[in-house]
Amino acid sequence: MRWRRRFLPSLPLTLAIIVFWLLMVSELNAAQLAMAALLGLVIPLYATRIDREFARFGSLRPLPKLLVVLLWDILMSNVRVARQVLSREERIHSSFIWYPLEIGNIHGITALACCITLTPGTVTAALSDDRRYLLVHVLDLADEAALVADIKRRYECPLMEIFP
Amino acid sequence: MEMAIASGIGVLVFAGVYLVLRARSFDVILGLTLLSYATNLLIFSSGRLVVGKPPVLQEGMEATLANHTDPVPQALVLTAIVISFAMTAVAIVLAMRSRADNDSDHVDAGDVRDGREDRG
Amino acid sequence: MSHLPILPILIPLLGGALSLFVEHRRIGTVVQRSVAWVFMLATLAASILLALRAHEGPVLVYLLGDWPARIGIALMVDRLSALMVLTTSLLAGACLLHACSGWDRRAPHFHALFQLQLMGLNGAFLTGDIFNLFVFFEVMLIASYGLLLSGGRGVRMSAGLHYVAFNVAASTLFLIALGMVYGVFGTLNMVEIATRVAGIPAGSLPLAKATIGLLLVVFCAKAALMPLYLWLPEAYTRAPAAVAALFVIMTKVGIYSVLRVGSLMLGEDAGPLAGYGWDWMLPAAVAGLALATLGVLAASRLRVLVAYVVLVSATTLFIAFGLRSAGTIAAGLYYLVHSTFVAAALFLIADLVRRGRGDAGDVLRAFPPAPGVRVVAGAMFLVGAVSVAGLPPLSGFIGKTMLLQAIPEADIRWAWPALLGSSMLVIVGLTRAGTRIFWKPVPVLPALPDGPRPVRGQLRLPETIATMVLLALGVAMSVAPGPVTAYTRAAAEQLLAPSTYIDQVRAAMPQGRRP
Amino acid sequence: MLELMLALPFVLALVLAILRDAPAKAVAWLAGLAPVLALAVLAWLTPAVMDGQIPRTMHEWLPQAGLAFSLRLDGLGWMFSLMVLGIGALVVLYAYYYLGPREKYRRFFCFLLLFMGSMLGMVLSGNLLLTVVFWELTSISSFLLIGFWFHRDDAREGARMALTITAAGGLALLGGVVLIGRVVGSYELDAVLAAGETIRAHELYPWILGLVLAGVFTKSAQFPVHFWLPHAMAAPTPVSAYLHSATMVKAGVFLLARLHPSLAGTDLFFYVVSTVGALTLLVGAWNAIFQHDMKGVLAYSTISHLGLITLLLGLSTPMAVVAALFHILNHATFKASLFMAAGIIDHETGTRDMRRLGGLRRLMPYTSALAIIASLAMAGIPLLNGFLSKEMFFAQALEIEGHEEMRWFVTIAAFLFATFGVAYSLRFVHDTFFGRGPRAVDQDVHEPPRFMQVPVAILVVACVAVGIAPQWTIGPFLETAARGVLGDALPEYSLAVWHGVNTPLLMSFGGVLCGVLLYLGLKRVLDLHAIVRQSQGRMLFHLNIEALFRLGRRFTHAVANGSMQRSLLWLVLVAIAAGAAPFVAAWGEPREPVAFVSQPMVRLAWVLWWLLVTCALGTLALYRYRLLAVLVMGGCGLAVSMTFVALSAPDLALTQLLVELVTVSLMLLGLHYLPKDSPRLRSLPRRLRDCAVALAAGAGTAGLAWAMMTRPPANAAAAEITARSLPEAWGSNVVNVILVDFRGFDTLGEITVFGIAGLAVHAMLRRARMAPEKVMPGPPIKLPVPADLAQMMFPLTLVVSIFLFLRGHNSPGGGFIAGLTLAVPLLIQYVIQGAASVETRFGFDYIRAIGAGLLIALGTGAAAMLFDRPFLASGHYDLVLPVLGTIPLASAAAFDLGVYLVVFGSTMLILSMMGTLKPSKTMIAHRGTIDPATRSALTGEAS
Amino acid sequence: MFGFGLIETTIGIAMYVVGIAMLLALWRLLRGPTVPDRILALDTLNVTAIAELMLLGMHLQSAIYFEAALIIAMLGFVSTVVLSKYVIRRDIVE
Amino acid sequence: MSVVWELLLVALLLVGSFFVLMGGIGLVKLSEFFKRLHAPTKASTLGVGCVLTASVGYHLFVGSDPQPRELLIVAFLLITAPISAHLMSKAALSLRMDEWPQLPGKSDEDTHVPPRPDGGDDEGY
């Protein structure tokens, strides 16, 4: 384990790098595989110098569902936002809300913030100093409690499983 | 297309020269940056304008200028971009230092402080 | 094959790169200076060999990357190039010696910047490709910014801003001209351009003229020809002594480029472009000479005065080269070499004075230098002033006499009054400066509390030797001018026969490739 | 032998310069050795010269310019050598006693010997250019001698004045000599003297004459540039005795005599030279009467006598020339002795002011006697040498033929010369040696040391001897000298005291009588002592010189006031002119239509055009609000990059984009330390002017670009490069191949530039303490969410960077782009995490990276040299490995690695230096923190 | 090359549409009124430029424009970050 | 190329460019910064995403670039978009402190969350 920590600090990163490389070079052969593996081994060692901590995954099981939900949400809310943009502006009631966080892992918070931002209609504006609240700007706020609950259910809960 | 590029160069030079003639170091640097855009476009256009024929050779395509645009001006522009970038960096730092040391960002701060904005 | 032509570029580059590795506090000055000197001397040796080789006659062509000159970059070394490189190396040696009296420790990266500046200068003189010339111009310039600003503060920074901004603007213009050159001629090799100039179709003639006109404007700006000289005095006077002395060669790069372009692209064989632009340069040179001379009179500080002396010599060179006869060019080249050494020496002397007079600096007012400095600095100033003013028996006189002799009958009526009158006024200015600085009594009473205070200036051996070396080079040129004048004469003839030059360059073939 | 003679003074001057701490006596002995030994050499050569031979010697100096070190000793040279060395020896003796115990003997004698050598060189020179060399050397060394007491204002001023005027004359002489060289084809004196006819007949003759005479007149203090001579009297008296009686001022007339055979004999020569001589003679003599300084009288009298000599040479008859030479000798003897006497008096009484002196004949009878005799010689009293030459002058004046008006003029001038001469001599004698005792001189006045009087005595004895028995004493010398000028045209003349009663004799007596009457009359009518005569020449000179300096100052300040704005304006103007001139000149000429097919607009070109133009103009409109300008300019950068993409230049687009990003970052980093806004420029004309200039520049550039693009391209070289790129340079991205192979040398220079930029920035900021313009109070902010994301990006960008690097040779990318691709994400880390946290974890020696990059690039290029191929010749090797297959290894890739390192190192060095500046506390306190009231002004907010 | 040019026509239309979006962003860039608005506009310009580049790549049937789009996507936000940081703190690198 | 694929690509392109345009329109039309912030960040993401997907398909079938490399662009966009949005809103917030909502459960004194970089004693700038 210690050996792995030392020479392979983050398996996800290594894998990501290998995939990245192979995607980029657009060819799949022994030489490129060797190169990808080499980079996958070397770069994380180097990146540890920048990274404070690598993300440790808990369970990856909720991930596929989360991605699908997210994709769907992006699609749907895009349509909604498009409608709002095209409609008269007076009907839009935008507002800030403080979203109370339950997730404590910083990577989880980041992922949640990403999800919120990527989903149209909401954008994370800030994280409170104690990391317990996210400031979210909502383009068209109907029901604050419902929105908070929605986010919690759709994103935060799966994320808490992924980033324990 | 030629007219568009030429007029674009002209507008960049116009804005750049006007800014270069200003009295404050930062404005001059802005002007020089705009001028470098114009310069890059001009050198680039010395190879004439060709759409969709990048000078990257591909198999099955003969390596002639019929299939590829003139690569030389591109190489020149690359060098020019790098060099003007280096110069801009030095100029910015120099402007900072000059401002810090002479307590004015007037381009002629060092010798004359007669309060007039422009002496050129 | 002989790699001699490229050595004056590569040696300083290597020196500069290595300097970066030895410039640590733990390593110490001795090692840094040793590295600097090893490469300096190697460059000097290469320059001497190169000059000897170039003097044999044929143009030395070095095809970089073994590509034919028309598609790659070629170094083309004729007598003129080699002469300039040798001059640069000799000057740089003295400047380095001067800097080793202490400035090199106060200016971060001095040795690296110095070597790279040398690389830029040599590259500019040796290259035969006009875009490569631009690149080396930039190497030279940015190294000069570094040398000017490293370790500096205060007014030097604002002077530096002026210098940098002006040069960046001029470089932008250079690039525009280069774009035009490629667009019009389809090549960047100067010899290739020269072969295409004559055949330019009538419809493209104004365009070609504008292109070369812009090039000349750039070179004249670097050479500080009127009215593009306004940047020079401040920059040169604010630079540290060793750097200011080295800068003297920088205006010469512009002049060299004018000569080169003039010889190849505006020479006898240039068809409709023959002689284009020169008609304007002569009046500009005369007007510039007048203004520079007035500047010598107006100078309120010794270094400003020397900066204007540099301008006087630059404009004198433009007159010499503008007349475009073998005699004037030969005389001009002699004058160029001489004025480089002497003006550099004067900058070093001015610095000595500045240090030796404490708070009074080099301001031209009655305040004596420290006694320790006075005699040596005064004697050196006398030699330098006599030299630069064109008084016998030193090099300035020989240069000026040869120039007067060579000026064609038709041009005597304006060129002679200009040259002689300017000499006259320069003498007046130098005399005033010299008497004010060196001929003031040491005050018996202690200075006023708020007035400038004299200091116990002491001579540092390296800087004294450096100054003396420069002056000695000038004196040597006057005692035995024969070899130098023979060389410059041959160089001038080579310049006036561009077709030979072109043929020799075009005959150079790659070794390991098909041509 | 001639070389030896000439070398002696210089060698001994050098010896003196080297000898430190030598006692005064030894110095004087050494100095005296020079003229004495040289005189011995001269004596050795004398028989030959007397025989009419001309000893010669010649060494090459600069044959191309006709400059040779040739010496010749003819009669004229011999006479002057004798004078220079003889009086020189006496002056050395005299000076040893004259100089005070605290004077710098070594320097004085060193300068004196230098001068002696220069003078000797001039009279011996057999090459006109060499003459000019020594001529100017006399100017320089006399400058040093006149300014010997440089702590005195008058000495400095006198020295400067003398140098200014004589050096100017020297330059004119140089011009004249070069013209002579053109006409004759040689500068050798023999050739020039033989070519008199040619010169006089040449159309350049007036110019030659004018220039040479300008030299002669300035040196010999002729009217109207005579005024420097009295001011040169600030020199120590030995110097005056030497320079202003026998040597320096005689250089001019020497040259006139020297070139007499070549130049004289025309009406122009006659009129100009004699008129100037006559005017000088009158002006000098008249002014001498009104001087109060003993040396002032002597100086003006010298001017007058030089005028006489010039006049005689101008008359040009053989007899006049003889008279001139005779007078040169006579004047040298009596004037040198008078100067020395004046020096003795000054030395003993402490003053030279004749108003304060008097009655010295009682106190110093011996000196007085000598001085009185010499004065009488100066006045032209019979039985003294001055009388003889004056008689000859009168005779010549009366014998002028063919120029009636000149005869009258010269005769009257001669008479007045005699009259005034007697008057000032009388005043000199009377005021100094007679009358009441020294007024206001409370010194114990007595005779000087004996050896100080010896030189005076020798000279006075010579005066008397010549005056009494001229034929025996001076005859042979004069004949030798005259033969040197006139050659065989030597006239019959008799050197006798008594020629019977004739007109000249009557004129002489009349002159003496009138002089006495004049002096007495003036004394009665005027209080001579109360007259203060300002030197008009000096005033004029000063006015002129000062006007010159003022003109220089004003002009320089008006033109070259150091303003950068003006520099740039001129650059733009000249560039516009250079670009437009050929088109303006070709306006209206018939033009052939150019076959040109315009490229159709790309689909997105309109968007890009609007983007580019709007952002450029937007930057211009917003430039005062700097942040906004930077922002809007970002649009320009994007538009340019997109244009490159659209026009088949992916590499360019990448580079431009990356550089753009870094540039924006640098500008913002810099803006932290600069004011946020530019002040408003109120002057409308100024704005309009700049606008017009900018418009012209813009229109001109656009026109040039258009004209260029519509010409048929000449791209044979590009075609060849494209074709040879793959087979010979093993790369299919031709742009990259050009960068690392065809034009790899450019790239080497380019990365050098880039590396130096990093070093320069480092050097400028390393120890700089800078205050931000305004400080945001409070601790640095934390950005956990962006930080986390950015962290995730970094390894991926590293992958992209490596990809771009490796692929650069075959598709867009390459070392430069890859280097920036690595640097920019690191910049993000700096921005989001703060410099301190990045630098502690990601310690990297950027400077060494630059060095290493340069070394790698250099080494790659130089590796080719090992294979005896030129620098940067590329190599290529296919490495075949099991499993992995063929891996192409190209030297170009190694070169690109150097590029990569330099770019990365330098960019990071710049960013990290700018990001980690240490603020100066005091300056922050001075500038303060952000004030809410100014917020909108600071960012250019609309509200 | 294709049986029917529908896709090519669509690419053309899309290029115009995205171009209009770019011009709209340009308008916001110049108009402001606040600095964050302009930053936002610049960011949008970058993103639309990616779309435009990809469309161009399709239009010209070349993958050569991929790298440019990649760089914009990967690093184009740098100016956004730096400018925002400047507005927040003045001192970009703390 | 099959008609279905082509129609799919056409649809993707149309949808993509539509959303890109929506982003632009929103950016221009909406009245206040935070509203505007929504339009481009989202619409562009989806819009560009669609275009990129279309590009993958197109190149795949034309054969000019058989790899789905555009996915990398999407990946980077997904990472960078939140960073940009986050920082831009922080920038906007730092200029307009008065509009901040109060943090639940906190009193007035310590509602300054996220911590104001400047200590809260000025109105930003």
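Note that the chains take the letters A, B, C, D, E and F in the order they are written out, and that residue 1 is the start of every chain.
Keep this in mind: a contact is a pair of C-beta atoms (placed from the backbone, for glycine too) under 8 Å apart; a residue touches a chain by one contact, two chains touch by 3 or more.
Remember, it's a predicted structure, so these values are computed and weren't measured experimentally.
Could you tell me which chains are in contact with chain D and with chain F alike?
A, E
Tell me which chains count as touching both chain B and chain F.
A chain counts here if it touches both chain B and chain F, which gives D, E.
Relative to chain D, which chain has the most distant C-alpha mean position?
Of all chains, A has its centre farthest from that of chain D.
Which chain pair shares more contacting C-beta pairs: B-E, or B-C?
B-C
Which chain has the mean of its C-alpha atoms lying nearest to the mean of all protein C-alpha atoms shown?
C
Based only on mean CA positions, could you tell me how far chain D sits from chain E in angstrom?
61
Suppose each chain is reduced to the average of its Cα coordinates; what separation in Å results between chain A and chain E?
23
Take the average of all CA coordinates in chain C, do the same for chain E, and state the distance between these two points in whole angstrom.
48
Could you put a whole-Å number on the gap between the CA centroids of chain E and chain F?
12
Scan chain F for residues touching two or more other chains and write them down.
As it turns out, chain F has residues touching two or more other chains at 18, 25, 37, 41, 45, 65, 69, 72, 76, 79-83, 86-87, 89-90, 115, 117, 125.
Could you list the positions in chain B whose residues touch two or more of the other chains?
In chain B, residues 20, 25, 28-29, 38, 42, 44-47, 51-52, 54, 56, 72, 79, 83, 86-88, 90, 94-95, 97, 107-108, 110-111 touch at least two other chains, as defined above.
Can you list the chain A residues in contact with two or more other chains?
20, 24, 110, 113-114, 124, 127, 129
Name the touching chain pairs, please: which are they?
Those chain pairs satisfying the definition are A-D, A-F, B-C, B-D, B-E, C-D, D-E, D-F, E-F.
Mind listing the chain E positions that touch chain B in their complex?
Contact set of chain E toward chain B: 60, 62, 64.
Taking the complex as given, what residues does chain F use to touch chain D?
Listed in rising order, the residues of chain F that touch chain D are 75-76, 79-80, 82-83, 86-87, 90, 115-119, 121-125.
Given the complex with chain E, which residues does chain D contribute to the contact?
Contacts found on chain D: 603-604, 606-607, 610-611, 614-615, 618, 627-628, 630-632, 634-635, 638, 641-642, 645-646, 650, 653-654, 657-658, 660-661, 664-665, 668-669, 671-672, 772, 774-776, 780-781, 786, 793, 796-797, 800, 804, 811-813, 817, 821, 824-825, 827-828, 830-832, 834-835, 911, 914-916, 930, 939-943.
Residues of chain F touching chain A in their complex?
So the residues of chain F touching chain A come out as 18-19, 22, 25-26, 29-32, 34-35, 37-39, 41-43, 45-46, 65-69, 71-72, 78-79, 81-82, 85-86, 89-90, 93, 99-101, 103-104, 113-115.
Enumerate the contact residues on chain E facing chain D in the complex.
It is residues 12, 15-16, 19-20, 22-23, 26, 29-30, 32-35, 38-39, 42, 45-46, 49, 52-53, 56, 59, 64-65, 67-68, 70-72, 74-76, 78-79, 81-83, 85-94 of chain E that touch chain D.
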